[in-house]
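A single structure is presented below for examination.
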Amino acid sequence: MSPEAGLVVENLSVSYAISRGPFRRADELPALRDVDLTIAPGRTLGVVGESGCGKSTLARAILRLQSLKGGVVRWNGEAISALSEPAFRRVRPQMQMVFQDPVASLNPRMRVLDIIAEPLATHRPELSGAQRRQKVLEAMERVGLRPEMADRFPHEFSGGQAQRIGIARAIVLEPGLLICDEAVSALDVSIRAQVLVLLEKLQREMGLSILFISHDLSVVRQIAHDILVLYLGRVVEQAPRDVLFATPRHPYTQALIGSVLSADPRIEKAHQSPPIGGDLPSPIDPPPGCPFHTRCPLAEPICAQAMPGLETWPDGGRVACHVANRERPAAA
Amino acid sequence: MTEPLLGVKHLCVRFSSPSGPVLAVNDVGFSLAAGEVLGVVGESGSGKSQMFMALGGLLAGNGRATGEAWLGGRNLLGLTEAELNRVRGRELAYVFQDPMTALNPYRTISAQITELLRFNRGMDGQAARAEALRLLERVRIPEARRRLDMFPHEFSGGMRQRVTIAMALSNNPKLLVADEPTTALDVTVQIQVLDILEELRREQGLAVVLITHDMGVVARLAHKVMVVYAGTIVEEGSVEEVLLAPTHPYTTGLLASMPDIRRPIRAITPIPGHPPDGRQERVGCMFAPRCFKAEPVCRAETPALAARTGRQRQACHFPVAEGEAPLARAVAS
Amino acid sequence: MARWRLGFVIPAFLLGLVIAFAIFGDFLTPHDYGTSSLLNRNKPPVFAGGSWAYPLGTDGLGRDLLARLVFGTRISIGLALVGTLIGAVLGTVLGLIAARSNNLIGALIVAGIDLQAAVPFMIIALATLAIFGNSLTLFVVILGLYGWENYARLVRGSAMSAHTLPFVEAARSIGVGAMTIDRRHILPTVFNVVIVQATLNFPQTILLESGLSFLGLGIQPPFTSLGQLLGEGRDSLGRAWWLAVVPGTLIFVTTLSVSLLGDALRDRLDPTMRRG
Amino acid sequence: QDSRPDFVVAVNGLYRSIEPIDGNSTNAQRIMDSIYDPLVTRNWTEDPEGGELRPSLATAWEQVDDLTWRFTIREGVKFHNGETMTAEDVAFTLSAERIWGDNALVPAGTRYTTSFASVEAIDATTVEVKTDIPDPNLPYRFVTPLGFVVPKAHYLEVGVEAFGQKPIGTGPYKVVEFDQASHVKLEAFEDYWGGTPPLKTIEFRIVPEFSARLAGMVAGEFDIMVNVPIDEVETVETYPEITYVSRPGDNYIMFAYNTLDLPEFGPNPVSDVNLRYAMSAAIDRDALVEALWGDATFAPAPFNFPDSPAFYDPEVKPLIGYDPEAAKAWLEKSSYNGEEVVVNVVRGAYPNFDLAVEFLAEQWRNLGINIRLNIVDSWPLALKHPFGLLNMSMSTTFDGTPTRSIWGFWGPDSARATRADDRSWAPPAEFVALGEQYLAEPDVAKKVALFREMVAIWEREQPALMLWRSIVNWVVSNDYEWTSVNGNAMLLGPGYISVKN
Amino acid sequence: MSLSFVLSKLLRLVLTVWAAATLVFIMLRLAGDPVAAMVPSDAPQIVIDRYRERFGLDQPFIIQYFAYLRGILSGDFGISFRTGGPAWDMVAPRILPTLILTGTATLVAIVLGVPAGMLAAANHNSPFDRLVMSFSVFGFAMPNFFLGILLILLFTLNWRLLPSGGFEHPQSLIMPAITLGLASAGAYARLTRSAVLEVLASPFMRTARANGVPPLRRMTHHVLRAVLVPLVTLAGFSIGALIAGAVVTETVFAWPGIGRLLVTSVTERDLAVVQLIVILAALTMAISNMMVDLLYGWLDPRIGTRRRSGAG
């Protein structure tokens, strides 16, 4: 098997144990089940889904902040999920993360310089203080922060600037993969746009792979090349951006897209709410069969019994839905 | 023209804070008729919430509101706390952003709703319970009867927000202030909650103030829009006017920053810089430092809110003409 | 803001006075705390008709009370400081370890906290001192152990929530080691809790010391402490009230000012933190 | 109706048992005279140092021969349980079975029964005690706890411990409640042989705090309280409703030097007699006692005790008196080299002792001795090697002679010489030999001479530093007329207390 | 509230009490020979040996330990060295007085502290607020034996209003309960105040206000309900402080309770009694902690069966 560049995740499963006291067996909360995905260098994969569907868990699992129940994570062909902790330390600088709450993800008691230098201090201890500072300033320049800001504390920055600091920290080791977990959700529209533009720029310059997690479809559409839709820990659909938005096949994807509002009042006048009801079922005991069948307008008896397979469509989309896949079965 | 339901004039909200006074809302005036939905948009910290908290006397202890706010023939800003408490819930109701914490976690849903019915509408226990059930069904809580005696934490976020709406509407208020009612919700739930709000408005004829930073929410529900920047109204008009033909550079900038899923993909254009925090000195147009059209006069003179281009009003010396901006370019793809 | 400053400055000033008294008090009196003078027993203080030779009078062995007070203050504050420090360090370290150990060690620490909390410390101190005899080392160890479980529990709680803070997650995602995370991120974050708890523990330590002295288990002569002086003076309240009231006042002022400082700090550091 | 008062005594503590021997302690001695009667009693009022004996439960006694004494037992005396006291009971009270046999029930009493050979009830009213050496002073012993007569059958039935919790005697009051951590309640024993008890009930209630005791006295809650700190006497005397009473005790307070060099506990500098001389000479005991006690008590020369009048000589001076210069010289002469000298002291063991200890320690430090005070809270901690000095007190209640002090405390069978954990003295052979002669000597003058020789040896060895005779004090409500006696005992029976008009 | 929740709490309780019992056993045995406290200081060695035999102190440590554990399980807490009777008989009659004292003190603390704290919070930053806060620090900073003696001097010696101590009259309870309760009253006042302030600032109070719930009802039905959780926590915590305080207070006021007994038992080395008291104290604390935990489940619907977080 030739080493494949970029990130490959196969059959990833993660469970949380929910303890209910010493006299009860811990309940298992399957947060992710059999997730596959691939991100080539320089590409962005957008992950969308409702709150609690396992988006953050996916990010944490890839970075080994969370133990796996099953599956493999490969980075540039190497199965990093199987590495020992010391061996993984070698790979870790390759993968960095940007967080949701920009200010909260910076230690309020550290100077910007030290925050951005923390990855260097951890993984490149051989660097001298001056070299380290040099690298930090380079990263700051890349994300559009002025050098004199290096000696300030996080609370002196607005949300947008703070997120730039977070991004600078993530790129200072020149990683190959950037994982953005709701990296722009907490930002105002104007600031969000700044950060999105910055991320695109960095991807171009550094050839980054980006795993872009968001619940906001319009943002994902803006930045991602491919899009993965999660529902209750399962991949229900994955497709290149244009395919997904042009022809969403899974009823859940359709409902998600159908729920997004437009800033154009004329469009909104005509916009019908998608016909899905209810709430996300409890993730502790997800419904049998297709997890979405409880809310699905197209559900058929089979949906309550068997989990549909994720089948590949000719245009590169993959869909896990009995009904949709029946329409146009996968090319063999 | 009929007497508007709500008339606000020269509303200012000030806070005293350890680092000096904060002018959160600066000389704001507007009006709202019954059955009308006013969308209030603007970036975080622009003063949207405080503007309407001031009306119900709900400012934090260090805040003070001045000006006039006429509702049902009374100036809310001149009322005592006791009088205001009678206005709140009966004429003026609120729904807040975070449904997770807006309900008392220690009391059942029915206790919290019937309490309002008993105190504000003088119902007895039995009737109040029946009415509570009706209200829950009204906001489409599934299995409402069973859920009546549950605690808030047993509800999902969307259901909780529906409960707070039911509570707010329990006393048939004339004006509902919905402060980011759907921001914390998933999109699929958001659209359901918005639909319920719209339905209730239509049926009960109540006026709604919809505070949000999401232009989509405004586009779906609002009739009128008010764009707020740094505590002042920078643009105001009907929803079509403001969203389709924005005239203030700030409004155009906001719209250009927002990707829109229902339109072709185009490159987004951020507004440079970041918003002021309420402590700055106020000279000239507060948006001038970030404005692509700013001229020296903008930094010196505060533009008044006036209709310079047509019906809609803007506080800008150099309103944007149709087509000049937004600088949104469709991505060739 | 001004109110906060006042709430800080007044107790800080009072505490400063007490500390200055403990450190420089020797200059106020020519006598040594231990020198007895059988000719000068039970002399009244200046304000009760005594002479300036013994400004606060003397005790039953003719020892200068002012000198004893200075020395007692020194010992009391020193003991409370050392005791608080030991408890804080021990409790903090154990709390930090427990917060990130989801294993036997963590469980053991939690069990230890439970156990310590289950037996009123006064009883333990009483039994230990009465049974093993009262050496200075043992006394310090006991004062040091006093309250460690409070630090540990608070630190563990705050550290566990600190572990979920985004910036700690961020550090972990970078690959920073557990010890470094504790040192660089968790400890500074929970430090407020430790400081505030210390301002509660410090006066309690002084009070524990005086309670033990009252029960006759205090520090050993020739050393003395405020609690000891208060305890010794209590029989004489009818005749020579100052014997008890002066050290009592010093205890009160010290505990009061530290508590007030703690209040001010708490308001300042974390307005939402609450403690019984 | 019974118009006699309910009487409350505020005490600082109670002892675990009120069995006469097992419970013998300062805190129980106060109570015992109300519960028990001794065989023989002193003429407390006229001869407080106790020379003159009077009948009590024994109506008469005679020495039949050198080694035999006969006691005639009072008839018609009832125990609290209604049974009549017999000679059997008396014999049992003094028996080997109870006290001095191999498996004695209360072995702690052996010190009162040295020289006993046999005890026998020879008829219904006569008890015969035989000794193995002549003992002209034997009846004196029966004023001590040894003489408190207990009912044989009941005693054997319940056992020593239970008896100590609910004792039965012949005294004017019977025990109705005893809770060692709070109170003892006594009730008048109407069948008392000695007359009608003047109080309806007596409660000895623990009130640990002096201030609370005093407040309660002044407020009329208590009728008598014990233990007034000597500095507070003046304060007490300012209250018109109460009276301060003080008496010499029957204890002598001292410091025992550890004269033994026990290698297992490390070097003991105090085993050098010159250091002991130096330490004794460094202390101005007269000034100390004067300062602490005023003229309430005095600093005795060793074993020169007024409570054994025949052996007392006011002119005797101690061998080692206060002499700072000599102290320095002895220190010089000693092998002392700055080693630590540990002083074991039980906190609050005797009134004012803690203060004295601090004073002594300071004097010794000034002399150049490296003193470490080890002030502990209970006897088990103090009575343990290693130590250089140990606090102790020496009781003289025995038989009107210094036998108990010089032989009981310093003889070859004494605790000081035998106990594993805290022995501190090995009596020289010469001392032991003299002691044996002393015990056997019937003639008082010769006995005194032997005694003096023993004291001289003792002083030469200097195994202890005598400090003062203990003081017992009370505060009495002015509603009562109370006759106090020397020692801890409180007599509350007929003739000793009455309500003032 | 599930059975498994209660069971796990019970298990924890048993373990805690066992650990406390073992700890005190080891400690007491380490501390040398208790007999020396029972015999006169001039009793010769043979006397000591006989006593050791009588109380089984010559047995090996481990045998004593298992005998002790077996005894506890069968309700036999050993023999008091002092009375020769069961230790339980020494302790039992004192439980009630201590309960009365600590109970009344708690009542004093709550009755004084909670309303004061609520009023202080309702009048935040007013002079009344500051008065309450100063007073609470006063209660906290005063050594309670000193307070007790001052009370005796004033109320008994000077004014002759109250008995100096004892247990006979109902009035006897007043001064000890105040002495013991005052420090806790301060704690209750502070906690109530800060908890009320915190609740007042919470979003759900804003909702209640915005919906026109009248102020008094907001206090009684919304705030009080929410404040109960921290108050219950404090009540649980303060049991320990009360027991510790009782040791001193009972001594000052000659109150015939467990605290006094502990002091005398410790100095006289009545091992069985000390052990029993420690076990009782641990049991009380463990039970009160368990009650607090169970009460949480009842008071805070969100907790239900889930474990309380470590922060207490």
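Order of writing sets the labels: A, B, C, D and E. Residues in every chain begin at 1.
Heads up, the rule we're going with is that a residue touches a chain if its C-beta (ideal position, glycine included) is under 8 Å from a C-beta of that chain, and two chains touch if they have at least 3 such contacts.
Since the structure is predicted, the reported quantities are computational estimates derived from the model, not experimental observations.
J.: Starting at chain A, figure out the least number of steps needed to reach chain C through touching chains.
T.: Between chain A and chain C, the shortest chain-hopping route counts 1.
J.: Average the CA atoms of each chain to get its centre, and name the chain whose centre is farthest from that of chain D.
T.: B
J.: What whole-Å value do you get for the distance between chain A and chain E if each is reduced to the mean of its CA atoms?
T.: 53
J.: Roughly how far is chain C from chain D, going centre to centre by Cα mean, in whole Å?
T.: Taking the mean C-alpha position of each chain, the two centres sit 43 Å apart.
J.: Could you work out how far the Cα centre of chain D sits from that of chain E, in whole Å?
T.: The separation of the two C-alpha centroids amounts to 40 Å.
J.: Give the residues of chain D touching no fewer than two other chains, as numbers and ranges.
T.: Residues 209, 211, 214, 377-378, 381.
J.: For chain B, jot down the residues that touch at least 2 other chains.
T.: Not one residue of chain B touches more than one other chain, so the list is empty.
J.: Taking the complex as given, what residues does chain C use to touch chain A?
T.: Listed in rising order, the residues of chain C that touch chain A are 165-167, 169-177, 180, 184-185, 188-189.
J.: Could you pull out which chain B residues touch chain E in their complex?
T.: Spelled out, the residues of chain B in touch with chain E are 56, 58, 61, 81, 85-90, 93-94, 96, 98, 101-107, 111, 115-116, 119-120, 151, 153-154, 164, 167-168, 170-171.
J.: For chain C, which residues are in contact with chain D within the complex?
T.: 34-36, 38-39, 41-42, 60-62, 129-135, 216-217, 220-222, 234-239
J.: Please output the residues of chain E touching chain C within their complex, sorted ascending.
T.: 12, 15-17, 19-20, 23-24, 27-28, 30-32, 125, 133, 137-138, 140-146, 149-150, 153, 157, 187, 190-191, 194-195, 198, 230, 233-234, 237-238, 240-241, 243-245, 247-248, 251, 262-263, 266-267, 269, 274, 277-278, 281-282, 285-286, 289, 309-312
J.: Which residues of chain A touch chain B in the complex?
T.: Going through chain A, the ones touching chain B are 50-51, 158-161, 188-194, 196-197, 215-219, 221-222, 242, 245, 255-257, 259-268, 271, 273-274, 276-280.
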